[in-house]
Amino acid sequence: MTFDIDAESCILAEGRRYATNPSVMTHQAYGPLVGVPRILDMLAGYGVKATFFVPGVTAQRYPALVERIVTEGHEVGHHSHTHRPPQTMTEGEERRDFELALEALDHLGITPRGHRTALWAPHWSTAALVAEYGLAYQSNLMDDDRPYVLCTDRGRIAELPPHWSLDDYAQYAFMLNPDIGHTVESPRKAVEVWTLELDAMRDYGCLLVLTNHPFLSGRPARVKALRSLIEFALDAGDVEITTGAVIAERVMADPDASVRTHEPIVVDPALYPHR
Amino acid sequence: MTFDIDAESCILAEGRRYATNPSVMTHQAYGPLVGVPRILDMLAGYGVKATFFVPGVTAQRYPALVERIVTEGHEVGHHSHTHRPPQTMTEGEERRDFELALEALDHLGITPRGHRTALWAPHWSTAALVAEYGLAYQSNLMDDDRPYVLCTDRGRIAELPPHWSLDDYAQYAFMLNPDIGHTVESPRKAVEVWTLELDAMRDYGCLLVLTNHPFLSGRPARVKALRSLIEFALDAGDVEITTGAVIAERVMADPDASVRTHEPIVVDPALYPHR
Amino acid sequence: MTFDIDAESCILAEGRRYATNPSVMTHQAYGPLVGVPRILDMLAGYGVKATFFVPGVTAQRYPALVERIVTEGHEVGHHSHTHRPPQTMTEGEERRDFELALEALDHLGITPRGHRTALWAPHWSTAALVAEYGLAYQSNLMDDDRPYVLCTDRGRIAELPPHWSLDDYAQYAFMLNPDIGHTVESPRKAVEVWTLELDAMRDYGCLLVLTNHPFLSGRPARVKALRSLIEFALDAGDVEITTGAVIAERVMADPDASVRTHEPIVVDPALYPHR
Amino acid sequence: MTFDIDAESCILAEGRRYATNPSVMTHQAYGPLVGVPRILDMLAGYGVKATFFVPGVTAQRYPALVERIVTEGHEVGHHSHTHRPPQTMTEGEERRDFELALEALDHLGITPRGHRTALWAPHWSTAALVAEYGLAYQSNLMDDDRPYVLCTDRGRIAELPPHWSLDDYAQYAFMLNPDIGHTVESPRKAVEVWTLELDAMRDYGCLLVLTNHPFLSGRPARVKALRSLIEFALDAGDVEITTGAVIAERVMADPDASVRTHEPIVVDPALYPHR
């Protein structure tokens, strides 16, 4: 279970003009102010540990919350500094943003083990950046539903593959301006999607990387619905819930893990003339 | 339970050219002509009091309806004059619009206690405007699901936090031009979303601010579905349904209420270069 | 029950360039080629009569089909000639298109009693045009869910109010280019929406004007689902299914029917500066 | 059952710039890397044969996979070389792309019997191209739900009509950039749509052409849900699951099959002035 505490950052990345709208900004602040504490209480009730990906600006704005996450035994991951997608930055800008995030977390005494790129819009070089800074894993690539070892030219890391279908944005994101989505599903339906996937993954021996945003999934009925997912997992007997760091460590130590090298797709402009 | 009687105003705010289409205009007029009377009858059957946020232009166009709302013991709130979002106006224009709405309601003998900003697109200064004009509360900010005291430089008001997920637009808004949405959910599903939230809020001691639009939720099956939500609430035993004004009064008198100050988000253009 | 046999016309109205794509054109032709015959067979099984709104160009392209509709006792209504929305035409162009449609139907020996405007985008003068040409009703305005008498400066007609929520576009329209929608709901859900509305309308004494498009609702499972709606109606005991022409006649003869005059909305540019 | 193994191609056709985003590219690679093998295993368990439409570039990138498909007795169909829609190409460019696809499949020893055009955006001349190159059928036109014979000026082929409502894009496609959709339905709902259609088609004697994309429908819960569709079909007793090539052969040999000629729609610019 992963929670991306984007708070204001993901909206500001769309355009800093949105900061002038207090309804929008407080919609985002709901995550750290209400959603995360409620989720932490809920997780504590089950003794479940999760991974919270925290942008640097969120860590700076809500340091006590981040400290509580650590204190309660959860993992804090690197989720960029500003939540701007690298695809809109040069590699140099991404590196600088990456470093600022490290500094912000370091300021709270946190050395992250894992990275998730904003909006799943990395560069091909991002994985090497993750390795270069000594992180153990990222959660960015979608070509598998089992974790694997990713070789970069600056070392090996683990990849814990996420997927859009396991992101609460697809179920709950609704805002007119900026337009972040137009969907308000019943929590029963959202959790049905995730529970059916978990159940089917038991047959295939997969890793379900659930991506939730506390400003969405921290609402009362949604937290309550998450309880039913956790209870399904705990009752199954063959499902383990743990942090990304723990999984990454196992993958790197597993001689049977798939080992892959990241090869950029080279496209022939004659075949694909549209830029 | 709140009902925003936007009628024609919310469409005209998109562009006054839409006034040339009688299908669109009558789609909106359905609210005051059919939806609100039906909703009032339904509420009377349960003895439930609600808050109706009424733009000034709606009050001018449908005065008898607004008077009936008051006569039947419901609250009429301030919902701007034209339903143009302040984000598209200067603060001066917003103030003028705010005053026009007060005048329109005053003309019907109504002194509103609460304000909701059109499209939840206020300025940071809107709350102070609400306080300056002596209103007791607004329903604009989304950083909590419990009401709280909001300090402005012109006095304190209560905030009764709404949320996009508790707005019937997400379930029912469908129109091609202007594009107000593309969703026609079953009333069963819509009310399931709201009932699950209410049920979960009982555990957390929250305030559910339901935002319905009579041009959407005044349709027969949707009113019937709302009955099931009300019956769920009344049967629960620990749920109270009352007006925003009553809640605001309690919040302001509650020594345990959260007290917050509205601090505009200051954004570093170096971090967020995209305007 | 009304069926709009738009066929190719509603797509060509988006741009005639779409005629170059045979997948798109055949998607539309499915309506007259497969959907309508299947729907006619189904209706015959229940002895139910419906109203088919047929654009002039559809009548010219599929004359035998239109003749079958008439032969089997259903009503054929006027649905413009080209399915171009009057909002994109001058009133003079709309009149010419209106006349072409009358000519196309007349060529098949049909004098339509009712009119529905393409895309529900009429002018305020459209109702008077309908009256001027001697039609008995239109199905365009959305400010009620009971039929009423509409006074125009060229005579009185009946209005049988439709609604976007009772249109199969909201449940089934899916095409990428042109973008007509992105929704493929289960027929069970679509019919639930309509059945719940019908059931609630029984309490309020309303008219349910269902708008279906055979290129969408003529698919096998959707026709089968429509059967369940019809069976619900027939079993209810207090629901009558009949044509628009029959209802219009009753409304015009009903001394208790609501009588309304169509008054264009005049908008103050000072209040709504955005054109 | 048809599976379009678009992999990277359908995204590159939107713009080759998306190749710079490894999250997007791996999202697509999931199809051949994980989805197809899982689907093949599943199909083998039921002894069901399906048709896999494979763009030339996919065949070049994943030759071993395509060989496995053939080895296991399934059909490989022609799905263009680059997945660029012909509507964005001249007829000459489409022909060249068509030939490249034939060459790519031939390189693997495959002579395809059927063709499906990218994005269902063919030219009116596409069917003749299919006939000219000796293929037996295409699956492009949507004007029926029974297969038929299509006469072109270069010979006769069978048409196995697909439909947007039977495509998993409508149920599962979700990606922000490029925007391929915003829907993540429960596999239960997706399969309900398809199962209801299959069930109703039994009454009408139709052909259900299911179009699935392994990068979407290869996810664990979605494959599991497909099992329930297959089991429904096998249990029905009157449903046969087979490849497009087998069906095409029967249609061409069936004296009762509908025979049609493809006639381009000629549009009068006076009626439809909008290009």
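The chains carry the letters A, B, C and D, assigned in the order they are written, with residues numbered from 1 in each.
The criterion applied here is as follows: a contact is a pair of C-beta atoms (placed from the backbone, for glycine too) under 8 Å apart; a residue touches a chain by one contact, two chains touch by 3 or more.
What you see is a predicted model; the values in this text were computed from it and never measured.
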Which chains contact both subunit C and subunit D?
none
Just how much do you need to spin subunit A so its Cα atoms sit on those of subunit B, in degrees to the nearest 5?
90
Do the two copies subunit B and subunit C share over half of their interface residue numbers, or under half; same or different?
different
Mind checking the centre-to-centre distance between subunit B and subunit C? Centres are C-alpha means, answer in whole Å.
34
Taking each chain's centre as the mean of its CA atoms, how far is subunit A from subunit C in angstrom?
47
In subunit A, what residues contact two or more other chains?
182-183
Which chains touch, pair by pair?
A-B, A-D, B-C, C-D
Over in the complex, which subunit A residues touch subunit B? Could you list them?
8, 12-17, 19-27, 29-30, 33-34, 38, 57, 81-82, 84, 88, 172, 174-177, 182-188, 219-221, 223-225
Could you please specify the touching residues of subunit C with respect to subunit B in the complex?
87, 117, 119-124, 126-127, 140-145, 161, 163-165, 170-171, 181-183, 189, 192-193, 196-197, 199-201, 203-204, 206, 262, 264-267, 269, 271-272, 274-275
